[in-house]
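In what follows, structures are represented as structure tokens.
Okay, so chain A shows up in both of these, paired with chain B first and chain C after.
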Partner chain A sequence: MAAQTLTGVNVPPAQTWNYLRINDISLELPTVVSKGTVPSRLPRLFSQMECGLGKEAVSWIEASAGDARYVEVPRGTTFEEPILVDVASDGGEVHDLGVLLREGASATVVVAARGTGTGAAASSAALVRVIVERGAHLKVVEILSVGDGNQHLEGLGIQADDDSSVEIRQYALGGARRAVGLAVDLAGKGASLRLDSRYLVGGHDLLDINHVVRQRGRNTRCDIVTQGLLEDAAHKTLRETIDLVHGAKGAKGNEVETVLVAGDEVVNKTLPVILCDEDDVAGNHGASIGSVSPEQLAYLAGRGLSEDEATKLFARAILDDAAIHAPEGVSLACALERAEQVLGAEIAHDAADTLGLEPTNSEDEEASA
Partner chain B sequence: MSETTTPELDERGRSKVADVDRSLYDFKKPEEGYERYGDGLTPDIVRAISAKKDEPAWMLEMRLKALEVYHERAMSPNWGPDISGLDLDHISTYVSPQTKQAQSWDEVPEDIKDTFERLGIPAAERESLAGVGAQYDSEIVYHNMREEVAKQGVVYTTIEDALHDPKWEPVVHEYFGTLIPMRDHKFAALHYAVWSGGSFVYVPAGIRLDYPLQSYFRLNASGAGQFEHTLIVVEPGADLHFIEGCSAPKYFEANLHAGAVELFVKDGARLRYSTIENWSKNMYNLNTKRATVGAGSKMEWVSGSFGSHVSYLYPTTILQGARSTCEFTGITFAGATQDLDTGCKVILNGADTTASIDTKSISKDGGINTFRSSVVIGRHAERARASVSCQSLMLDDISRSDTIPAMDVRCGSASVGHEATIGRISDDTVLYLMSRGCSEAEARSMVVNGFASPVSKELPLEYAVEMNNLIKLEMEGAIG
Partner chain C sequence: MADQLLSISGLSAGTEDKPILHDINLSVGAGETHVLMGPNGAGKSTLGHVIMGDASYQVTSGSIVFDGQDVTAQAADRRSLAGIFLSYQAPVEVPGVPLYSFLRTICQMRPELKTSARKFRERIARISDQLDLDESFLTRELNVGFSGGEKKKIEMLQLLLLRPKLAILDETDSGLDVDALAVVSRGIEAYRADCDGALLVITHNTRILERLSVDHAHVMVKGRLVAEGPASLIDEIDAQGFGRFEGAGEKAEA
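And then the complex of A and B:
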């Protein structure tokens, strides 16, 4: 398959020294072939939305996805059933979803990108753009476990109006190369974002994340908590930007990252940025990067745990968290499959039993539907 | 408590912070009789500077190569504050007051002597310094060191003099341009093409100086550049505190400062490098500073940045030796028309190395502050530890403050902690202090002084006084 190089992916709003190679990432992706069809596109109000990945990557996804899916949640209604984006990575699927949450509406969007990576290396992608109108509530759960040989692009763009709230749980659990972009525009007064991001990177895998939150409305609130485990020769880059825009009086933005490094050849890059163009605001960032200390290891050894087992405990905590917060069967299956790959079948089943989670076969679910 | 005056209020009724009264620094002397090379940058100008200094052939060769690199290299399009107002075709790279270097202030021409008297340099030398170098435009006009210090084998001279000394020329040749290569960035190349003045310091093994050495750089000429080179070698077990000060009167034309500081701190040594930068607000301050640190040694930076129109300033420390440490303490104050991109870089390569970065920034009157840092921990830096703390204070809603810290960790046993906060003086704090009898102006002033004090307390008394005066001029002048 012909390939193209996509440059300038995951570029943060403020960049730093180019020699650090932290400002962006380049990806080799299949060349988009025009099939002479007329695919459906999202309404134009989605076209200007940022999603963290960058314009070139968005264009690639839009061109590769074929038909885009548009969902509108009427005013004041609650969608009980999650809006699911089920990405089969092994097949190189690309999805493009636009959601409009009308005033006071409530919905959950789930992205489950899954694959085994056992066949030929594939590149999959999902692009989700959501407009959250006044007083609406959006919950997003992303579980990305695309298989060890596969590459995946994940873009999420959200615009939040007055007094709306956005809750995101993002789990980057596996895949050879993953580029994850997220841009949230807290445009309306009192809009809020809570982002919990978890990642597991091992082997020679690469994870590249770009989180951008623009706080434009008065009294907006942003809390980002990122935790991750890096093993072996994992390569991770996390860019996290809180942009306190002029006029956002009373805005508060907090970001914190905790990384556990458990590999001798790990590359761990972090660029936590706060941009501040307003005085009546508060911006805070904290980061903690480290390994399990010899004292902690000695303590754990005293309880019968080896270093490897201790590290697995941390991995299990992240995988358990993903499984607990998976709101429907496909994403739950995705999390549990990954748990089985990382922890082994016995521990994964034990974890599922302990948590009272029943893995659901997605084929079964589709059949029952 | 000091007597209060009625403060000017801003549109929200809060005490307004006044602009700095720069009369202490903002005085000009005529350039009559000075030697001034034509504006722009050509091989002929570079040759003329080299010939004027009667340099060894290797230095001229280096200058000409650097000029080529300067023309080859482009600025990164995504880099920092705008410097499009800087046009090298309208900058003179060499201006000399046509006076010999003196060892006594009595031998310094009256107008230049008056300049440094007003800046307090001779008085500081008498009271608390082991040696002083004073540069006026492109040349050092005064250089002296206490006899007892010289007897210990300490060398404090100009690079030019060291190049003419058969004993020290090989040492300069060995170190010059090795820590900051000319290909480092465009303005490093410019520096090596036209450098002039600066200091060479050599502290022999085991020698500890009780008093600091100080170099003061004054750029009097309008539309000119200053390109001094500071080269310091601190041998094993030695200890030195070096202070650098700089100022210039304000002109409407752009001035340029593109100096270079190369610091070699050998095993078990300690070097403290303190800077109070107070360039005028028409200055492009594109300075490069770098230190390499040996085993068990310590590098300390204390940095106060108050002046300049635009600054790119990121002192770099390479912790090469095991158990070496670096402390960086800095404050940057950006007021109207200022866009200051400052911070630091630390590269931890040795095992058990530690780095501590503590910075403060204050923005007011539309000033822009960018704190930029990088902490890079290499593959073999076992158990290395780094902590970065960055606090920014916004004094009004027309200013800007950004923090862009990068971390690149490649060692499993290393640990890094980072924290950054941006905010304003909280109303609760002001209210609390006012409930204890302070006026609002006094309360705000106290908070700002407390915010800056961790930096000023790291300086010797006389320089802390100068720094506090600068802060006072910026912060307290109008509010009591």
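And then the complex of A and C:
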């Protein structure tokens, strides 16, 4: 298959020295095959939204997907069933979704990118853009386990209007090369974002993340908590930018990353940035990089866990957490499949059994629909 | 005295740059309840952590024998598996680890507690009920965002799950309101009734002892055990304070 190189993927709003090699990532992707002249079904207002990956990557996804799916949640309504983006990574699927949450509406969007990686290496992608109108509530759960050998691009762009709230849980659990972009525009006053991002990277896998939150509205609130475990010769780059834009009086932004490094050849890069062009704001960032803290180790040892077992607990915790927060069957199956690969079948299904979680697969869901 | 479970002889310990405990001798029999009291900064919590094997402290002399084994040089995880449990005064937050994953892991690694997911869930449900704990706690991160009372209940939950031979309760009652204290006391009572384990209760507050039958009381001042006696010693301290023991601590130091 012909390939093309995408450069300038996951570029943060403010860059640093080039020699640090943290400003972007380049990806080898299949050359786009024309899907004909089917026009995108997404309204034009989605076309200018950021999603963290960068314009070139977005163009590649849009062209590769060929068409987009559009969902509108009417004013004041709640979608009980999550809006699901089920990406079969082994088949190199590419999905493009636009969601418009009207005023006071509420919905959950789930992205489950899953694969085994046992066949020829494939490149999959998902692009999700959501407009959250005044007072609406959006929850997004992304579970990415695309299989060893596979590559995946994930872009999520959100625009949040007055008094809306956005809650995101992002789990990057497996895959040879993953580029994850996220851009949230807290445009309206009182809009809020809570982002919990978890990652697990082992072997020689690469994970590249770019989180961008622009706080433009007054009294907006952003809390980002990123936690991860790096093993073997994993390579991870995390760029996390909170941009407190002029006029965002009373805005508060916090970002914190805790990464556990458990491999001699791990490459771990983090670029936490707070941009500030307003006086009356508060921005904090912190990072804890290294091993489990001595206090935590002492506590866990007091419960019978050696340092090695404590590290394994953190891996299990990330996978259990993904299963616990998977809101429907496909994403739960995705989390459990990865847990099986990392922890073995017995432990993987233990949490699901104990907590009464019941996995299904997409075929079951289609059959029941 | 019952069969000796814990025997501490001539123990001195401290941090890298500060000696804290001096020549401690203490024996706890299987199934006994001991109370350790003393003024603030006496070294009571340090003794609890040293018995547990906390690597922040170094033993400079003496020995700790537990259940017939010299554990002085043993790491904390081995001591835990052998049956020692320390309930923390300020339980540590472990972000990113759901309580469920933690509890399940620490139980499954003990052959005597290994069980199926269904039975584990039933056990958790039973104990949670005893402690007025909502099972939704299981999916929350370990001790993260919990109130002081909730953290202590989680410590009690672990105590009842792990069924240790010796439980050291380090000021488990501190910072608890009346209702939370009643729940924690119920937890301790349940531990005594169900597990018949030994207790070393470190406390300032005699209310937590009201529902316990205390076998021995010890007083620590300035890192030394300066008095030992029956349960009536607790009432004396309650009425008169530590004043008369502080002189003994100074004398021993001199």
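One rule holds for everything that comes next: the second predicted complex is superposed on the first by the 347 of 369 C-alpha atoms of A that agree within 3 Å, B and C clash if a C-alpha of one lies under 4 Å from a C-alpha of the other, contacts with A are read in each partner's own complex, and residues count from 1 in each chain.
We adopt the following convention: contacts are C-beta pairs under 8 Å (C-beta built on N, C-alpha and C of every residue); 3 or more make two chains touch, one makes a residue touch a chain.
Keep in mind it's a predicted model, so treat the numbers as computed, not measured.
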| item | value |
| --- | --- |
| Touched partner set for A:266, first chain B, second chain C, both or neither | first |
| Contacts of A:354 with chain B and chain C, given as first, second, both or neither | second |
| Which superposed partner A:282 touches (first chain B, second chain C, both, neither) | first |
| Chain touching more of chain A, residue-wise (chain B, chain C) | B |
| Partner chain(s) touched by A:2 [first = chain B, second = chain C, both, neither] | neither |
| Touching partner for A:15 - first (chain B), second (chain C), both, neither | first |
| Residue ranges of chain C touching chain A (in the complex, touch as defined) | 49, 52-56, 75-77, 80-81, 85-86, 88, 91-92, 94-98, 100-102, 104-106, 108-110, 117-118, 120-121, 124, 138-139, 158, 162 |
| Residue ranges of chain B in contact with chain A within the complex | 76, 78, 372, 374, 376, 379, 392, 394-397, 399-410, 412-424 |
| Chain A residues touching chain C - in the complex, by the definition given at the top | 198, 225, 227, 258, 294-306, 309, 313-314, 316-318, 320-321, 324, 350-351, 353-356 |
| Chain A residues touching chain B - in the complex, by the definition given at the top | 14-18, 20, 22-23, 244, 246, 249, 261-291 |
